[in-house]
Amino acid sequence: MRNFISVQNVPDIVALLNKAIHIKQNPSEYSVIGKGKTIGLLFMNPSLRTRMSTQRAAYNLGMNVMTVNLDKDSWQLEFGDGAVMNGSTSEHIKEAAGVISQYCDIVGLRSFPGLIDREKDYNEEIFNAFLANLSVPLISLESATLHPLQSFADMITIKEHHRSEQRPKVVLTWAPHIKPLPQAVSNSFAEWSIASGAELVIAHPKGYELDEKFTKGASLITHNQSEALQDADFVYVKNWSSYTDYGAMPEVKENWLLNKSKMELTKQAKIMHCLPVRRNVELSDELIDDPSVSLIQQQAGNRVIAAQTILTEILKEL
Amino acid sequence: MRNFISVQNVPDIVALLNKAIHIKQNPSEYSVIGKGKTIGLLFMNPSLRTRMSTQRAAYNLGMNVMTVNLDKDSWQLEFGDGAVMNGSTSEHIKEAAGVISQYCDIVGLRSFPGLIDREKDYNEEIFNAFLANLSVPLISLESATLHPLQSFADMITIKEHHRSEQRPKVVLTWAPHIKPLPQAVSNSFAEWSIASGAELVIAHPKGYELDEKFTKGASLITHNQSEALQDADFVYVKNWSSYTDYGAMPEVKENWLLNKSKMELTKQAKIMHCLPVRRNVELSDELIDDPSVSLIQQQAGNRVIAAQTILTEILKEL
Amino acid sequence: MRNFISVQNVPDIVALLNKAIHIKQNPSEYSVIGKGKTIGLLFMNPSLRTRMSTQRAAYNLGMNVMTVNLDKDSWQLEFGDGAVMNGSTSEHIKEAAGVISQYCDIVGLRSFPGLIDREKDYNEEIFNAFLANLSVPLISLESATLHPLQSFADMITIKEHHRSEQRPKVVLTWAPHIKPLPQAVSNSFAEWSIASGAELVIAHPKGYELDEKFTKGASLITHNQSEALQDADFVYVKNWSSYTDYGAMPEVKENWLLNKSKMELTKQAKIMHCLPVRRNVELSDELIDDPSVSLIQQQAGNRVIAAQTILTEILKEL
């Protein structure tokens, strides 16, 4: 594997999931594969889970880690071709990426969408600028439209907890929030669920349609949460802002907050969430705190395994 | 040892001090005990000494270190049970601590008091919330009411420099400052001095009484600095704000700034301070800069030994 | 080598350059020389290249690294002798440097000039205060007046790319910018070029004279860019603010932006820049993006080699 930006970079998702399970069972198998290698983790936005889990994964492989808060430790980057840089940007991505490529063997990058200009965000201008100018592999620590390390960890979690021979029925259900969030986790969960062969159902209020590019292949997309929950094995709870009226939060009159009684529609489904979760806004205490239902901590734990597996695959080919 | 939050976590303080001295004399004895282990250092407030000395201690034991400025790199945590999180907090301590427990083998945490709500601070709500939700050991890098790594380093320093067979007479004397400071270092120094068998005398102006919970066992608590200094072996200089009129700075008319002539009352006592010190406000240049009197740098140096000893004790039981 | 603050600390520049070339060809020769040693990198200002390249260099030698943003992670330092610290500074350099010396084996420091008080900046008050109070070696990560790791990397780059038996003709040419920049890179480049035996020509508009202390030994200092460029082998492009009217930006009416036609005056010279560069303000896209002309990325890459060589020299004597 060279870059890890989306599920498209994964040649065989079943094989990758099996590798992850193997690494989880044999955590020290590759404990020196990264010796003498350095990963640079570049953050344009805050991070807790991704920052710590990716660092830990790198340490588990013997790598050195450099963490840079690009927004605070350094200066603002320019992405425009031919720009006359007489404004607030101090360094062009062409220089920055070239330089960073000489200091790091692998680069991780987090860059959230602005949620203002959909075309810019969905063209992944920042990630594509890095990709075009880096000469070392790039791992997404969440881009404008995708969060593949999260989705990979989610798929590992589903694989570990699905107890039937049949393919799992996975429901991605929209949840309320107090401010507009990116669609990245939802887009990414959709494309990974479909690619890994799950039956994916998406439920959301009117106005919250996701980009079809990522949801194509879902069994059902509905505005009816109850319909979606029928016989579900896994219920993935997530807020996102509007893709069509980009970045907006169209009013929602129905109650989309999941609760125990709604969960009775499912096949004793497990609840999933990528975190951070706003308790009693996105998801109720009663569900989060019930260990027989919630897989939230397991997902977070698998973030280390996901990162460690991806790093191992990339290191093998360095 | 499991957690290190206060002197209460120390089963045998004499044995612990002896271990520290041993480690100082044999710094590389445990240089691989932490191999493959990661400590996460979480800062809710600024830090120089604690940040660097704890990192260095961890490196000396072969550990990996992840430093997170929880206030800047990440987002604001919620601590309230049952909170409807529709405000400024983005993640509940229940999730955050659970997640961090999966990424770190040991966690260090710094969280200063707000100095507004005494009950909240003195209940150590933040530390107790971490303790309740972490599944890995927790080391205090200074809490609302205590700073045990500092006090442990102070006790090591006293042990190294006390030249008599008799127990040392240790004076904790209040010093002026320009803004209200926590009582943490003073509380902690008091309980560690008493627990380690020193004769503790505390001197402070009226209105600066400390919580008896920590000072119980002191030989004398007085408003008369000169009385306190009589025959002292060690003089610990520290400002703190009022505990009774919580966080306030009651006016002080007498001159509490220590100087050479006041020191003549002592038994050629050594001066101690936890740093940072505001020169010529808390303590005069003439005392700080006199190497025959000041142990300030030695205390700071012993911060590495203190952290290294505690980490070793915790790692042994992991 | 003990400290690395300026070219004055280099006993034999030819030997040092040869060591750098040797290390570049044998990158793992000293991969354990720093084992068990820790470098503290202290930043009073933002940094990307220096932060990452110095970290990488330290990792390549087996060192541990502690990075501290002194302006954000910690608190403001006092540098005044005898200061009554009742203002915004919380810790005196005397304490801070003493403490840091006990936690680090080597210290790196970045501290930009204020560009207001020339005497203060050119006396290198901050660096000299650290030097006076540290008991471990100090490496400049850019001071008020010098940037020796950059200049050393520049000299390595010139050595690698100079194809003639004759000494290279090196032109340092002023470039436009939108805000006042330090003279540090220019001062440093001048003294290193002269010390390494190059023929140095400096070109700048009136009012931008550099301190003679650093430029003494240059073959020519001119206000005529074309005159300077004649037969140049290397053209180093850099903006700086006025030294005489300290920190000001005297108006410049001529066009100092370098372009391809101006470069025809040279002996097919290579272009150099320390980065970050403001494209089409300091230097045009056509020059930066032409790999047959630009050595900019090579300079940045050599930052690791420069730091690694200096660290090796210092570690050998620890």
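Per-chain numbering from 1; labels A, B and C assigned in written order.
As a working rule, a contact is a pair of C-beta atoms (placed from the backbone, for glycine too) under 8 Å apart; a residue touches a chain by one contact, two chains touch by 3 or more.
Every value quoted in this text rests on a predicted model; they were computed, and no experiment measured them.
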How many degrees of rotation carry the C-alpha atoms of chain A onto those of chain B, rounded to the nearest 5? 120
For the homomeric pair chain B and chain C, should the interface be classed as same or different, according to whether the shared residue numbers exceed half of all numbers used? different
Using the average of all C-alpha atoms in each chain as its centre, how far is it in Å between chain B and chain C? 40
Residue ranges of chain C touching at least 2 other chains are 72
Contact footprint of chain A on chain C as seen in their complex: 28, 31, 43, 46-49, 51-53, 55-56, 59-60, 69, 72, 178, 275-281, 285, 288-289, 296-297, 300-301, 304
Touching residues on chain C, where the partner in the complex is chain B: 36, 38, 40, 64, 66, 68, 70, 72-75, 78, 82-86, 90-92, 94-96, 98-100, 102-104
